[in-house]
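For reference, the structures are reproduced in the following blocks.
Next come two complexes built around subunit A: one with subunit B, the other with subunit C.
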Partner chain A sequence: MHYFRLYLQFIKIRLTSIVSYRGSFFAGVIAQFLSYGAGFFATWLLVKAFHELNGWTPYEVLLLYGMNLFSYALAAFFFFNLAVDIENLVISGRLDGILVKPVNPFLYLICNGFNVAYFSHISLAVFTMIICFRGLGISLTPIMLVMLALSILGAALIHAAALVMTSVPAIWMLRVRFSDILYWGMREFINYPLSIYNRAVQVILTFILPYGFISFYPAQLFLGKEDYLFHPSLPYATLPVGLGLFFVAYRFWRYGIDRYQGTGT
Partner chain B sequence: MRVFSGHKSQSTTILFFTLFKLSFIKAFQYRGYILVTLFSALLDVFVRISLWTALFRANPVVQNTTFHDMINYMALTGLLMLVQMSGVDDRLANRILQGSIATDLIRPYSLKLFIFAQTIGDNLAHFLLFVFPVYTGVLVLFGMRFPPTLLHGLVFVATVINGAVISFLYYYIIGMLPFWLESNWYVRFVNYAMFTLFAGAFVPIWFYPDFLIQISYYLPFRYITYEAVTFYLGRTGLPAMPAVLLRQWVWIGILLGLEVALWKAGQKKLTVYGG
Partner chain C sequence: MSYINVENVVKEFKVVRREKGLINALKSLFHREYDIVTAVDHISFTIDKGELVGYIGPNGAGKSTTIKMLSGILVPTAGRITVDGVIPHQNRKENARRIGVVFGQRSSLEWDLPMEETFDLFQKIYRIDDRMYKRNVEFYVELFAMQSFLKRPVRQLSLGQKMRAEIAVALLHDPEILYLDEPTIGLDVVAKNHIRQFIKRINSEKKITLMLTTHDMDDIEQICDRIIMIDQGKLLYDGFLQNFKEKYGGEYTITVDFAYAEEGREVDPRLQLVSIEGQRKVYVAHRSVIETTEALRYFIDNFDVSHLNIREADIEDVVRNAYVKG
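Right, the complex of A and B next:
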């Protein structure tokens, strides 16, 4: 409850900052909407020109984009700044100040890092998913809607776990950004059905870096596909995978903070 | 500095090559960065090859295009990143936003040439380290096309050079926007959208519905690399090329005029807060 009130305060401050830079904020929202929208539209046009991608119709492929963006935006709302700002916090020594505050540093950073720019991503993602379900003539039953919400929650936790984990090397002042590439580079893979890749990539994206659970596996529930690849239970596994990964990521982050040395500034 | 003494055009050349060398050396400094960027470039190409393989699995020829066409299209478009002058806009915009433009305006060199040299240096380093190895690898693996005659080759080179000029002017104009805007971080998103849709950066324009193809003719983006690549692949015949080159020159004229006008207006508008 205490943290919740704190969080609301932080959000209020952030929203005030938007009001001071209204023009720039709305220009940014529109620009980001356009940029993701153009990518979605180009992919849709491409698959439409070929009629299908490995048995997936244009709207089905677009649904993967929508689910991926929706869950990413949810995670990035809270965790993007945590992942990106940590390096500066370490270098400038401000992390030391945060560590001695009487709040959990992880929660403090999340509260403080609320990133309002993701409104545009979420609206585009919702818009895209509605277009897809309409285009496919699928009307979601209440149970399916709940499944969709749970899948997106799980997918957001997977994204969040990845963002949290990639911030740990920065705490140790390791400038090598392999972790970033693992995340930012691999995200491109899941815009298309996992079934277009060779077996090795499928194994990696299911069992090692389980990005397949962000959109490919859960989408099968709503599309009635049988591209299960490994096991028919996998489309239901997104939430447990997300919870598990996020727990691991949080432990790893705490471990990272425990071994934080500071820069002496 | 001694470099700037002597004949003007000679010193400009020396300045150009000095800057060019510096940005080149800088890019080679970070070995970890090189490895990581190379790895992500490889991942990117891998995803796209998998995508094209899957798309052509059902039909080997779609809209007169084969898998081999698409691999060459992808690799050529990638290699021509060398003449894409992205980076020009940020360099100019940052100078305006941070106010260092004030000193640039009184220095005895052309700011445009300065930014051009820096950009070319960075691009060439990026090209040699990442773009060239990855895409020549792809072309060696899947088979590369060559122009049928020397004339084809020369026309291709001319189209590429025109495209580079268009790209430079476009980004230079975009870089001037901070004269009128308080912040410009979102401009890159609009650029990305434009290049995705109208430059054929990812999906070739010929796969588009007709109305989008029509729109693309009224924008400069397709004249940067797309026209050169479609000609290289033989989709545009030699007889159609004079018209393409003419359109490129028209765009160069339009952009040059716009650039001069905006630069004049911008200098009047410029306010640099003291410090």
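Right, the complex of A and C next:
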């Protein structure tokens, strides 16, 4: 309740700032739309050219893109500032200012990170998913709709876990770009069905960096796909995987904060 | 058991050793060497409730590191800290409710927000009840004369106004202890004086235990009852301001530009010559031996002087003195 009130307060503050920097806000929204819209069309054109990928039709592949984008936008909406801005917080010493307040720094940073920019991602993602389901003539039953919501929640938690984990070295002022590259690069893989890759990639994206659970496995469920990899229960596993990973990521972040060294001044 | 206890505290930092050159940079990708830097080196002191303590020392002495350990941000490498029975880094949130912290070199205020709304935000962060909130906002707006700039966004405030705002916000939840890290840094003389008066009033009227770090000798002389001096992480002095002044203070430097080379002329032995640079000579003296006015008159009356400059001892001089005198 405390953090919810704090969150509302910060939303108010961010909206006030947007009003005072209107131009830069709209420029940002348009830029985001253009760059993600380009990604959308690139995927679309590629799949159109192939007609199908390993039994996946263009709309089906596009659904992967939509789910990936939606869950990423949801994760980034809450965690982007915490994960990406942490380096600035450490260098500028603002993290010290947060640590002397009687708040959980993790929750405080989420509250503080309200970021309207992600509404453009979310609307683009929802739009994409609606097009796909319509194009495929699939109407989701209420149960399926709930499953979809839970899968996207789980997928968002996987994205969030990745964002949070890769931000920990920044708390220690070790700029490890490697982990960022790993994360942002791997994200591209899952815009296409996992079944088109060789076994090694499938193993990695299922068991090591389980991004497959963000789009491929849950999409199998909604599209009635039966090209199961490893085990037919995996399409149901996104939420538990997300919860598990996020828990680990949160513990790791707290571990990072406990070993925070500050900047000396 | 005192209110604040610091027992044999050590803080070491592991710093990556950086060497020049591309080859070394590439090497460090695979193998890093670390240096251990000891920022705080076996420091012990206690502070009682209601004290106003100046924690002083030159830049890099370990002042901020100590404040960060006291406020629970950093974990001591060795030793033990308790604040009102609580170990700050283990019970960071509990400790945070009782303390206010102001870092002079950085801001905890929201840049685009006027102070009115910043107060609201801090009410939510600290869960301050409405009555206390109202009373404290009124009290501090009055005390810090903030009425004139309450509605302006923080980014438009002057440095002095910002510092007042920072202190007010840190006091909103009625902390029992206030840590001020370099509260007068970068301010002009007038603003410094204001801040000093505010600090004294907070301590005397609100009975808040106050610890401030500074390397400004005027801060020390004008506000602190008690001085703890450190350098290179080690404690050099802990005692009353009066004793401190008698022991280390009172020294000053006179720089004299003689109109002619005053070769071979004896100068009053109470003035100790420390350096010669052409016709410019630098002397060090002590107030208890010869007052500044007398020293000035001595040079003007006895020599043909084109320029005179007097400088009071600053913290670096005092620290140097402390090493000499032990």
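By definition in this document, the second predicted complex is superposed on the first by the 265 of 265 C-alpha atoms of A that agree within 3 Å, B and C clash if a C-alpha of one lies under 4 Å from a C-alpha of the other, contacts with A are read in each partner's own complex, and residues count from 1 in each chain.
Here is the rule we go by: contacts are C-beta pairs under 8 Å (C-beta built on N, C-alpha and C of every residue); 3 or more make two chains touch, one makes a residue touch a chain.
As the structure is a prediction and not an experimental result, all values here were calculated from the model.
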For this session: Report clash or fit for the pair subunit B and subunit C bound to subunit A in the combined superposed model.
Result: fit
Exercise. When the shared chain A is used to line up the two structures, what angle, as a multiple of 10 degrees, is there at the CA centre of subunit A toward subunit B and subunit C?
Worked result: 90
For this session: Identify the partner contact of A:F189: answer first if only subunit B is touched, second if only subunit C is, both if each is, neither if none is.
Result: first
For this session: Check the residue A:D227 against both partner chains and state whether it touches subunit B (first), subunit C (second), both, or neither.
Result: neither
Exercise. In the superposed arrangement, does subunit B or subunit C reach more residues of subunit A?
Worked result: B
Problem set entry | Contacts of A:L34 with subunit B and subunit C, given as first, second, both or neither | first
For this session: Please work out whether A:D85 is in contact with subunit B alone, subunit C alone, both, or neither, and reply first, second, both or neither.
Result: neither
Exercise. Does the superposition put A:R5 against subunit B (first), subunit C (second), both, or neither?
Worked result: second
For this session: Look at A:E52 in the shared chain and tell me whether it touches subunit B only, subunit C only, both, or neither; answer first, second, both or neither.
Result: first
Problem set entry | After superposition on chain A, the shortest CA separation from subunit B to subunit C (Å) | 5
Exercise. In their shared complex, at which residues does subunit A touch subunit C?
Worked result: 2, 5-6, 9-10, 13, 16-17, 20, 92-94, 96-97, 99-104, 108, 258-262, 264-265
Seminar exercise, completed: Listed in rising order, the residues of subunit B that touch subunit A in the complex are 32-33, 36, 39-40, 43-44, 47, 50-51, 53-59, 62-63, 181-183, 185-187, 189-190, 192-194, 196-197, 202-203, 207-209, 212
Problem set entry | subunit C - residues contacting subunit A, complex | 13-14, 39, 64-65, 68, 71-75, 92-94, 96-97, 99, 101, 103, 105-108, 110, 112-113, 117, 120-121, 124-127, 153
For this session: Would you pull the subunit A residues touching subunit B in the complex into a rising list?
Result: 21, 23-24, 27-28, 30-32, 34-35, 37-39, 41-43, 45-47, 49-54, 175-178, 180-181, 184-186, 188-189, 192, 196-198, 201
